[in-house]
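Chain nomenclature is as follows: A, B, C and D, assigned in order of appearance, with residue numbering initiated at 1 for each chain independently.
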Amino acid sequence: MGNEQKVNVAIVGSTGYGGVELIRLLLNHPNVNIASVISASSAGAPIADGFPHLNEIMCDTLDGVNAEEIRRKADVVFTATPSGVSGKLVPELLDAGLTVIDLSGDFRIKDGAVYTAWYKHEAPQAELLEEAPYGLCELYADSGYAQGQRIISNPGCYPTATLLGLAPAVKAGWIDPASLIIDAKSGVSGAGRGVNLGVHYAELNENFKAYKVNKHQHIPEIEQTLSEVAGTPVTVTFTTHLMPMTRGIMCTMYASLTGNYSEQDFISLYKEHYAGRRFVRIRPQGQWPATKEVFGSNYCDIGFAVDERTKRVTVISVIDNVVKGAAGQAIQNLNLMMGWDEALGLQLTPVYP
Amino acid sequence: MGNEQKVNVAIVGSTGYGGVELIRLLLNHPNVNIASVISASSAGAPIADGFPHLNEIMCDTLDGVNAEEIRRKADVVFTATPSGVSGKLVPELLDAGLTVIDLSGDFRIKDGAVYTAWYKHEAPQAELLEEAPYGLCELYADSGYAQGQRIISNPGCYPTATLLGLAPAVKAGWIDPASLIIDAKSGVSGAGRGVNLGVHYAELNENFKAYKVNKHQHIPEIEQTLSEVAGTPVTVTFTTHLMPMTRGIMCTMYASLTGNYSEQDFISLYKEHYAGRRFVRIRPQGQWPATKEVFGSNYCDIGFAVDERTKRVTVISVIDNVVKGAAGQAIQNLNLMMGWDEALGLQLTPVYP
Amino acid sequence: MGNEQKVNVAIVGSTGYGGVELIRLLLNHPNVNIASVISASSAGAPIADGFPHLNEIMCDTLDGVNAEEIRRKADVVFTATPSGVSGKLVPELLDAGLTVIDLSGDFRIKDGAVYTAWYKHEAPQAELLEEAPYGLCELYADSGYAQGQRIISNPGCYPTATLLGLAPAVKAGWIDPASLIIDAKSGVSGAGRGVNLGVHYAELNENFKAYKVNKHQHIPEIEQTLSEVAGTPVTVTFTTHLMPMTRGIMCTMYASLTGNYSEQDFISLYKEHYAGRRFVRIRPQGQWPATKEVFGSNYCDIGFAVDERTKRVTVISVIDNVVKGAAGQAIQNLNLMMGWDEALGLQLTPVYP
Amino acid sequence: MGNEQKVNVAIVGSTGYGGVELIRLLLNHPNVNIASVISASSAGAPIADGFPHLNEIMCDTLDGVNAEEIRRKADVVFTATPSGVSGKLVPELLDAGLTVIDLSGDFRIKDGAVYTAWYKHEAPQAELLEEAPYGLCELYADSGYAQGQRIISNPGCYPTATLLGLAPAVKAGWIDPASLIIDAKSGVSGAGRGVNLGVHYAELNENFKAYKVNKHQHIPEIEQTLSEVAGTPVTVTFTTHLMPMTRGIMCTMYASLTGNYSEQDFISLYKEHYAGRRFVRIRPQGQWPATKEVFGSNYCDIGFAVDERTKRVTVISVIDNVVKGAAGQAIQNLNLMMGWDEALGLQLTPVYP
């Protein structure tokens, strides 16, 4: 496919970790041309100045944020912007005739009041919340949710790992939705590229800490989808921890069984549920995934442990938060939106060791 | 106190991580003289050969394992030996007239059949299991359990963090003992100094993994004490993870509340329960402990989060697994056994950063 | 290109870090089909059993080491075997009609006596040493050294970083070859996947250590090529260190200037020398490369500092030891051998952060 | 010694890494009472608020910077302040009648013009520069430099490791002072507790980078002392690197031999030179120190490699930059100043693993 036939995309927020990963992945995408890399704070500078790993790979200068200018260069725009920023920017981009895949949290929560309660600022306009499908590919791909959309809301990193790990069992009624406890751990890149004492190397190295216990803004996103899947309101206990590593999320999830389901039953249920979905891998009995096994890739690996003594199941899911939890899934959504193979440009073998 | 007045101690298993930490801490103890460092595998070599950090600090040559010889040099012996080894060695040491503080798991489980079910080898003789008190200092110090004992069984690392975090609430009846879920994470030193692919740096760095889910041998130790505290049999769900760091354990623990207890209620309950115990520190409301905050010290820090939406409490406890989870608590047991101040030689400020 | 038109390759030593990286990279190569993954120690097991990151990506079972069987499946074989093993295996592979790219050190040193002095075992047969060109692509690509060869000897990781950093200045006569001092640092993956206390996570984390000072077997490899480039025997001072990280080599190299060359002069000299070579990137004045900037990629980045006070230049080069220092360069050699674009399958953007 | 008999000390800059380590170490010092912890930026807050590892250990509230108030509480003050700040503050403290041990670089360079050239701001007044001895304990202890001084200038971290490693050989005339090349590596804590992208965990983890090549402000400090030791002006090549770890400095140093000195000769020379100095440990032949072997302690370990092929010696020295490179050495200077045993309060076994 020549450059003239490729889809031109722009990336707003190119200097964040999500944005710069979009660049890495889209450079590898056969149908896409990166037409504009955009940064409000660094416009005018060559992107390789701040990101020497891109030397001689990407020579582009960063553009400013201007909907009309973006429209002249691109058809699709990824908004890898902080929550609160996207809510205001996306309507302008849509008005300019662009198609948007939004990586912020702004369009995920469909109830504006819930959004405001957790995000602590005003929600975007209700029609857009309604218009933007929640792009958790493996849950909704069969519905054709993405094709032809003007805007897709890309899921959060924790919700991706959590929902892929819990939804099949909740849907099947095998676990009690009132019993869900999610112990989530993330690498530091999830906190973004902004600087504060909390991400200082000397503070995080050889350290493990909990944060925002029961207060993380991804909680309502998880509950919204689980409630929909369960057909009843679901409330979860959700703890987030920071791990001394760069990339990776593990969710260790606990639920009470509603029947005598074995580990092998869970494996079969999930394999069937995710049949044909190439980015979910179910681990064989007695094995649990580790974050390194998905490092740099778009996979979500899931394993199970059933405790017959306590009648509980432990579901363990891992993703690379920067790929499946952000940039990779956004490209997967682009693929679905364009009617392409969902794995196009995303067939990345995890980097090991 | 001159050397002639000090208590002479020996350390069996001096070349393991627990043993070498005993050396570091006991060198700092005003009432103790390290009379013999012992290693079955390296006897005859100066200990500093394998541990250059001890150069010019400890010039001793490693002794072999011989109960009579140990008795000639020492009065008290720490057995920092693998489980299965202590069970056989300790009776010999006792017969030789030594007093023993055992860091293996061999004397913790009071029911030999349970021991065998989890440890997969034969239990030590029943009378010794009965004789050896379980030395979780902060739970039992008031009972005078240690004073005058011939043998004390030092708790495991995970059980120490778990039990200190759960026992007061279980005892008070504030949480439902049937609801306990423990998500535990440990640094790699907890796996010991033996080599295998699982502890290779390139396999663990930038990695986080679960292991022995529902199968860890510390589970019956936790359940034994919680059952005693609750006055009813308690079964827990317990997941262990390996973190990419050297020292530190965090237990994130979940339980259903039996009443409307607030975070401040928990703080008060625990402060009262641990009044006078210098190594448990309760965090103020809205703060949770991080492993680095106890690194190199004998502290166990505990914090709480009450989720009013789900009527659950999250208790977070951290320890340095090599200190409070092994060598430090063993010395604390020595102090109690000898009738000394329990903090003697253990007033270590955590190493930060 | 259909599978039937692709070149079939085999990988001996597939379960080492070099071998498993060959798999990752070759899966991405448009002209190659991985026809056999081979391991003497694990033959018969599915490779994904030991490498769960390959689940659903590579379903192959590991083959044993048998030249005739390899020949039935493949045309080209990569030998990612320990030194000493390749020396014996490669003649068999050649006799069977295979073409070999050897990643061990066995065919790099052209003087068998020198090989034995440093590697401490017998050298391969002299004719093969002579036949096998030293495949440092950027130094020799113009000579067409690789095309049509039966066997290519892939350079070592340290020599790759060292020689790419020093050769242009030595060749130009700008630095005194008698003054060369190389301070080299490597991530732990360079030590291989074998287990010993030296690679235990708890021993290496938060640690930095020197090893094999003046004794590393890569010294004669460096001296052989520098002597050839200088046209006079060159002896170097070479120190190797282990860094607490997985991938990456930095060589910080010192040399006395033979004239008043500026940093900008060096930049120009190297840019000219490496014109058209896509995997060497010269950093602008005042910038020095960091290992993360080449992580996961085939790049070698080089920067300079001229100290006018001491009339010395400091040259800093970085590579990913597993890619440009092993698997990536081996594929680059395959590309040159087959007459393909040298970057085929190797256009990997470094993984950042 | 009762509190009333102890020396009262104050710490300015208590919330930096050097200051907080002074607290850790001084809490362990039998002759010292910490009378005031001071921070310009956080005055009024309990120190444990920002440093939870000090909970229940130190309950003090941070004081502001006021010379008269400090004098009312303390006799000796440690100034762990940034360079530029100390130069202005110290005269006030001295005027108030306090004795000062300064950890900034402000009083190390005795030539004000050289100071300004490297530090880029005005030098302190010349009389104070002259008055303040350079407190590199092991080089000058025999001269009694510290006893009775009003002000001591504590050496920098890199200079401590460099000078202890090079001075004996330079003094003995065994190495050519014109040939000195120092390849220095530091953990991140050396960069201080200030936040910027350069210390972001995700930028430094799995990364190794050079910085300030030939431009580090510790260069004139090293040259000043080496020139004095050599009796001739010495200019060094000095490269600094950032390692992905928290604490530790290694200097790998290269020099041309002036005669046929063996490794054993160097070991004997250094052992004699440092006879009676308890914090320098010389490694036996064939062993080189690793940073972890001094972690948390005041030791400087030194090893040697003589390369007979190139007639060069490689000297490798390691320290914990926060202890021997800052707080520990400052306390050693206090001890010498007060006429106490230099090791008082500093007999710290390195924390391993």
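The rule is short, and it goes like this: contacts are C-beta pairs under 8 Å (C-beta built on N, C-alpha and C of every residue); 3 or more make two chains touch, one makes a residue touch a chain.
The model shown is predicted, which means the values in this text are computed figures rather than measured ones.
At the interface between subunit A and subunit B, two copies of one sequence, more than half of the residue numbers in use are shared by both copies. Using mean Cα coordinates as chain centres, the one most removed from subunit B is C.
We define each chain's centre as the mean of its Cα atoms; on that basis subunit A and subunit B are separated by 39 Å.
Centre-to-centre, using mean CA coordinates, subunit A is 46 Å away from subunit D.
Inter-chain spacing, taken between the CA centroids of subunit B and subunit D, is 36 Å.
Residue positions of subunit B touching 2 or more other chains: 17, 187, 189, 193, 202, 205-206, 244-247, 289-290, 292, 295, 353. Put simply, subunit B touches subunit C in their complex at residues 17, 187-189, 193, 195-197, 199-202, 204-206, 244-246.
Subunit C makes touch with subunit A in their complex at residues 17, 20-21, 23-24, 27-28, 51-57, 189, 193, 205-206, 246-247, 278, 281, 283, 287, 289-290, 292-297, 301, 322, 349-353.
Those residues of subunit C whose C-beta lies close enough to touch subunit D in the complex are 181, 183, 185, 187, 202-203, 205-211, 213-214, 235-237, 239, 241, 243-248, 250, 252, 254, 288-292, 295, 303, 305, 307, 309-310, 312, 314, 316, 353.
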